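One chain, subunit A, links the two complexes that follow: it is found with subunit B in the first and with subunit C in the second.
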Partner chain A sequence: MVRTAPINYLLTAAAGGLLWTALAVGLGGYLGDVVPLQERTTEEFLGLYRIVLGVVLVLALANCFYWYFLGSRRQAAVNLRGARRVWMGSLLGQVVLSVVALLTLVLLLQAEGLTLGNFAAIFAALSLLTYVFFWAATLLASPPAVEFIPLGKR
Partner chain B sequence: MGKNYLIGIGGTGARVAEAVVHCCAAGMGPDELTLFLIDPDEGNGNLSRTKSLVTHYQSCRQAYTQRSGDHVPLFRTRLRTPETLVWSIFDEKNSTLGGFVNLHNLRENAEDRPLADFISVLFTREELDTELNEGFRGHPSIGAVVMATPDPHAEPWKTFWDDVASCQAPHEARVFLVGSIFGGTGAAGVPTFGARDMIKQNPAALVDDGTSKVLLGGALVLPYFTFESPESPPTGADGAPEMYVTPADFPIATQAALQFYNEKDLGFDQMYLLGDSLAQRVGRFSHGNQGQENRPHYIELVSALAAFDFFGQPEVPPGSEPAYFYACRDGRPVDWNALPGTRDASRLAQQQSEAKLALCSMTAFAYAMATEGAAVLDAAHDQVKDAWYRRNFTFNPRRPEDAGLDPRQHAQRAAIDTVARFGEQFLQWISALDEETGDVRLVDRRRLFVDASALDEQEEARLLPPREHLAAIGEFVKGSRRGPDFAAFLDTMRDVRIDSAAMSPANRWINLFYEAAREFCATGYNIPSAARPR
Partner chain C sequence: MPPRRAFCLLASAVILLSGCSKPRVDSVEFPDDASRAVLGTIQTGDSLRVSVYVDGTVSMAGFLSGGTSHYVDFLDDLESTVQNSIRRAEVRYFKFGRTVRELDRGGFRGAREPAFYAERGISEVTQIDSVIQCPAGAHVAVVVTDLFQDEGDVQAVVGRIKDRCFGRGAAVGVLAVPSQFDGMVYDARVPAYRYASSAERASYRPFYALLFGAPEHVERLHQALRAQPYVEQGHFTLVSPYVVREFDVQLAKSKDSRHLNRRDEKRPRHFRFDVRKGGDGGTLTADVTVRLKPSAPDYRPERVELVAFRREGAADSARTEDVTLRSVRRSGEVLNATLELRAPDQPGSYAYRVSLVTGPLDGFASPAWVRTLSSPNPTATDGPNKTLNLERFVSDLRRAASSVHAPELARWYMDVRKL
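Here is the complex of A and B:
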C-alpha cells in the first residue's frame, strides 16, 4: 500500500515537509540563538538557512519521485541492475548535494563567526534532508518491483 | 477407486504414451495411472525417449511433493509402472518368427510336418527368417503370432493381472490400448490384445456373474504422418534386401485393418478412431532401433486426450453397447479449438479451455524455470534483488542454520533441476507439435527457442532469454491476442503468495513458478477456466 502511487509520492512529500519544518524551524531556531553573527541579523541568517534547506528538500523530493516513477515502469523489474545503478547514483548525488549546500552556506556565511560545531549541525540537517531522507524514503516506499534495491532492505 | 491402465503398443503407442506423460505433468491426467509399453524393438528411439521420460516424471514426483493447493495440478497423476516398463516379447535377441514357432523342429518331426508346411504357406521365407529386434517392419501378421501368448507370470503382465485380480466390481479396471493401425507392432498388438479372450473376457478378469472387471478402450491411430522413404531398399549385412515399410504402404494396410476390425467381434467397449490428413513429415526413414525417433505430432496429443476422456468418464454399466468415437476438424488448420477433448458436447468448450490453460501454463512454467529460474539460482543470494525472490526466500546465507532455507542448497537445487529439466523436455515436445507449414497452430516454437538457423549444426536448441525477448512469453500461444510481456510475468510472480512456512525451498520455488505461470496465462492469454486459481 505504502509502495503504490500516488500514496508513496504523497507520504514522501508529507514526510519531507515535516522534516523540513523540524530542521528549519526547530533546529533553525536553536541555531539562531547560538550562532555568533558578525554582519547578518538572525532573521537574515535564518532566512538563508531555510532557503538552502528548502532548495535541498525540493531536489531530494524530485530525486525520490524520479525513483518512484522509474521503479513503477514495467521495464524496471527486468532491468534491476540498471535500477540499482540509478539508485546508487541518486544516493551519491544526494551526498554531493548536501556537501555542495554546505559549501554554499560556508561561502555565504564566511564573514560570520560560525564555529565548526555550528557547521556540523547544519551539515547534519542537510544530510537528513538529502541522502538520509532519500535512503529512508526509498527503503520504505519504493515501488514493489524495486523494493529490494535500496541498501539495507532485507 | 478404479485402476487406470494405458498400454502403448509399438512406436506410435510409445509416442502417445509420451504425450500422455507430458499431459499428466501439465495436470490433465487422472489421479492414478499405470503405464506400460509393448515393443520388440527395445532400442527404438521413440521408445527410449518415452522410457526416459517416464522415469524422469517419477523423479519429478519424488522431488515435488508439496503442492501449494488443490488448484495446482502439476504432476498430479501418480504414474505407476510395472517392474518392467516394456514388454519386449522375446526373451532372446535376434529372434525370428521361424525360431519363435520352432519351425525347424516342426519340420524334423514327421507328426508336425503338416503344421510346418501350413506355416510356410502363411508366411514368406523372408518373414520367417527376418530378425525381429527392430519390430515387425510393417508386417502385423508376424506380431499377431508372437504376441498372442504373453506369460501372465512375467512382468509387466504379472503386475497387470495382479491389479485386475484386486478389482472387485465390473469395469473397475479401465484399460486403454493404443497403437497405430498401419504399422507393424501396433497393428498386430491392438487387435491381438483387443480379442475377447486376451483381456476383456480372460478368466482372470471375470467377476462371479461372468461380467468383466475390465472396461476395455482403444485408440486406433490411422495414418497421420509421413517420412522420407529410402532411395533404395535397405539391405542387411549380407547384402540381401530387408523387409521395410514406407508411407506408401499405409493406406492399403489401413484399409485391410479396418476391414478386420469391422468383421471381428473384438472385446473393445469403446474405441477411438484417430487420424490426420495433413501428412506431416516427422523425420527420415528408419525401420527401427535408435534411428526410429520421430518428431512428436499433434495426433499423439489428441490420442492422449482420448485416453483421458476414457479414464474420466462416468461409470459404465455392464452390458453397455460398444461405443465408437471420432472427431473431425472444420478446416485445414489445427488450432486449440480443434482438439477433441471430450465425448460430452456440452462440456467441449470448457474442456478445451482447461486443456489449453493446462498446456500453456506448463509451457510458461517450463520456460520461466529454465531461463529466469536457472539464472537466479546461479547467482548468489545477496546479488538477487528481484522482489518475487526476496519476498519468498528470506534468510541469511552467512548463518549455517539458514542453509535449509536456501534453494541453492544441494538437495534443493537437485530437486528444482529435476523438474526444470523435465520442463525443457516438455518445451521440446510441445513446440515440436507446431508444424512448419503453419497448419498446426498451438504453441509457436519461434517464440520460445532461438532460431535453428542461428545455431551451429552440433549446437542444441536454446531458449530465448526472456529479459532480452520480453514479448516472447506473451506471444507463444498461437491464435491468442498478444499477451503481456515478461515484466508482467515477474509482477505476477511477485504477487503470488505461498503461505506454507513448512514447505521446502525447492517445492516453494516450483509452486511459485507454476502458480505465476497459470495466473499469467489465464489473464494474459484470456483463457477462461472454471478452475482458475486465485
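Here is the complex of A and C:
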C-alpha cells in the first residue's frame, strides 16, 4: 500500500518535512551557537541555512515524485534498463545538488569565518536532504514496477 | 525494513533531534527608561507660576540709564511675555538685597526709578543666596541681578544652589542680557568706578536673569523670554541634569572578536550578543549620535565615561566592569567609542544597561559668551563692562550639578548569552 499513489507521495513529503524540521531546528540550533559570524547576525545565518535546506528538499521531493510517476507508468515495467538509468541519474543529480548547495553557502558565508567542521556539518545536513533522502524514499516507496531498481533493494 | 516501520523510526528520530536543541533561557531585561534618563521630562502642562526677584541694591541703578535700556525693557515686558506664551501664568514680584520683600505690581513698576535701588535695609548688600530656591512643580524663580561676586560669594552661592536645586533634580538657567548702563560699578576688586556705555552694543554691560526650577519649566520660560529681541539665543546656558535633545546608538562587534556573535535587534537601542564557548567576550564599536540642547554647554569628549549595570535572573542590578570604555573619539555630533565586553564565566543570560555620561569634574566647556562677558578683575580701564568671576560661577555651577547627577549623553541595553 505504501508503494501506491497517493500514499507514497504523501509519506515521502511528510518524511521530507520531518527531516527538514530536525535539521533546520535541531542542527540549526547547534550551528547557531557554534559558528563564528563576522558580519551577519545569528538569525540571518540561520535564515540562510534553512532556506537552502528548504530549496534542496523541494528539489529532492520533486525528483522523488518524478520517479514515482515514471515508475507507475506501463513503459517503466517494460523498459527496466531505462528506468535504472533514470534512477541512477537522479541519484547522481542529487549528489551534485548537495555539492552546489554547499558551494553556494560557502560563497555567501565566505566573510564570516566558518570552520571546516562547520561546513562539514552543513554538508551532512545537505546530504541527508538530497541523495540520502532520495535513496531512502525510493527504496521504501517506489511503485511496484520499479521497486527493485534502487540500490540495496533485492 | 517495512516502510511503515521506517517512517515511524524517522519520525521518532526527528522528534528526538529537535528536542535536543538547547532550551532558550528566558532573557532578563532592563526596563527601557533611556528616553527619560537621557532626555528628561518633555511635557510641561499649560500653567506656570513665576516668582521674580529683582536685585534692589545700589549697583543695579546704573542699568536704568536714564530710563531707556534693555534692563527697563526686560522688566516692562516680563509679565506680558510670560502671559502671552503660557496659557495660565501667575507672576509674583519680590525685591531683594539685604532682605527680601514681596512687591505688588505698583511696587514692581517702581524698579524703573532710581529710588527703588536706594531703599535702606535692602540696597546695601546683595544677599543673593537668600532668594535661591528651586520650587517644586510648575514654578520657576527668576532672579534679576548683576551677579557681581567675589570668590567667597561664588562658593557660597554655588553651594546653596547645589543643596537646594541640584540635589532635587532641578536646573538653573543663566540668561545674560547686555544692556545700556550709566552709573557706578560696585563690588569689583578695585574701588567703585563710573561706567557709561555708548551706542555700541559691545559697550553694553550685562545683567542676568537666573532661572531656577524643574528643567522642563526653566527651558519653557527661556523659550518665552526669547521672544524679546534683546534676549539673544546665544547668551543663555542651562545647567541641568539633562543636556541632550536626541540621541541614537549603533552598536557592532569588531571583526577580530571571533567568539562574539551578533543577534537581531528586537527593539531600538536593545542589542543582543552571544559569547560562544571558549570565549569570554570581545570588542564592540559604538557610533553614538548626540544632539545637545541649544542652551546646553558643549561637553568634552575626552572626559566622557561609561557606566554599566548588569542584571541576571530576577536579582537587582549592580554596577559592573564587564563593559568598559577603551577609547572615544568625536566627529561633530557623533561619538565613536570602542568598548570591551567581558562576560562572566558562568554560562547564562545577562542584561546590561550601558550609559555614556559626561565627566563629573570637568565634563563641559565654558560657553564662549561666558568667557567673553567674564573678567577676573574688571576695572575702569580694563574690561569695565565685564562681569566679575562670571566664568568661575558658571563652571562651578556646572561642576556642582554634575557632582550630584552627571548628565547622560546616551543609554542603551545589551542582552548577552554566555554559551
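Operating definition for what follows: the second predicted complex is superposed on the first by the 154 of 154 C-alpha atoms of A that agree within 3 Å, B and C clash if a C-alpha of one lies under 4 Å from a C-alpha of the other, contacts with A are read in each partner's own complex, and residues count from 1 in each chain.
Going forward, a residue touches a chain if its C-beta (ideal position, glycine included) is under 8 Å from a C-beta of that chain, and two chains touch if they have at least 3 such contacts.
All figures in this text were calculated on a predicted structure; none of them were measured in a lab.
Asker: Subunit A superposed: clash or fit between subunit B and subunit C?
Answerer: Subunit B and subunit C fit side by side in the superposed model.
Asker: For A:Leu11 in the superposed arrangement: first (subunit B), second (subunit C), both or neither?
Answerer: Touch partner of A:Leu11: subunit C, not subunit B.
Asker: Report for A:Met88: first if it touches subunit B alone, second if subunit C alone, otherwise both or neither.
Answerer: Touch partners of A:Met88: none, neither subunit B nor subunit C.
Asker: Between subunit B (first) and subunit C (second), which does A:Pro36 come into contact with in this model arrangement: first, second, both, or neither?
Answerer: Second partner only, subunit C.
Asker: Which chain, subunit B or subunit C, ends up touching more residues of subunit A in the combined arrangement?
Answerer: With both complexes superposed on chain A, more residues of subunit A are touched by C.
Asker: Output check: A:Val96 vs subunit B and subunit C. Expected answer is one of first, second, both, neither. What do you get?
Answerer: neither
Asker: Is A:Ile149 contacted by the first partner subunit B, the second partner subunit C, both or neither?
Answerer: The first partner, subunit B, only.
Asker: By how many Å are the closest C-alpha atoms of subunit B and subunit C apart after the superposition?
Answerer: Closest C-alpha pair between subunit B and subunit C: 15 Å.
Asker: List the residues on subunit A that touch subunit C in their complex, please.
Answerer: 2-3, 11, 14-15, 18-19, 21-23, 25-30, 33-38, 40-44, 113, 136, 140-141
Asker: In the complex of these two chains, what residues of subunit C are touching subunit A?
Answerer: Checking each residue of subunit C against subunit A gives 1, 3-4, 6-7, 10-11, 13-14, 17-22, 255, 258-259, 261-264, 274, 276-277, 419.
Asker: Okay, in this complex, where on subunit B does subunit A touch?
Answerer: 385-387, 390, 394, 466-467, 470, 485-488, 490-491, 494
Asker: For the complex, which residues does subunit A have touching subunit B?
Answerer: For this pair, the touching residues of subunit A are 74-80, 84, 144-149, 153-154.
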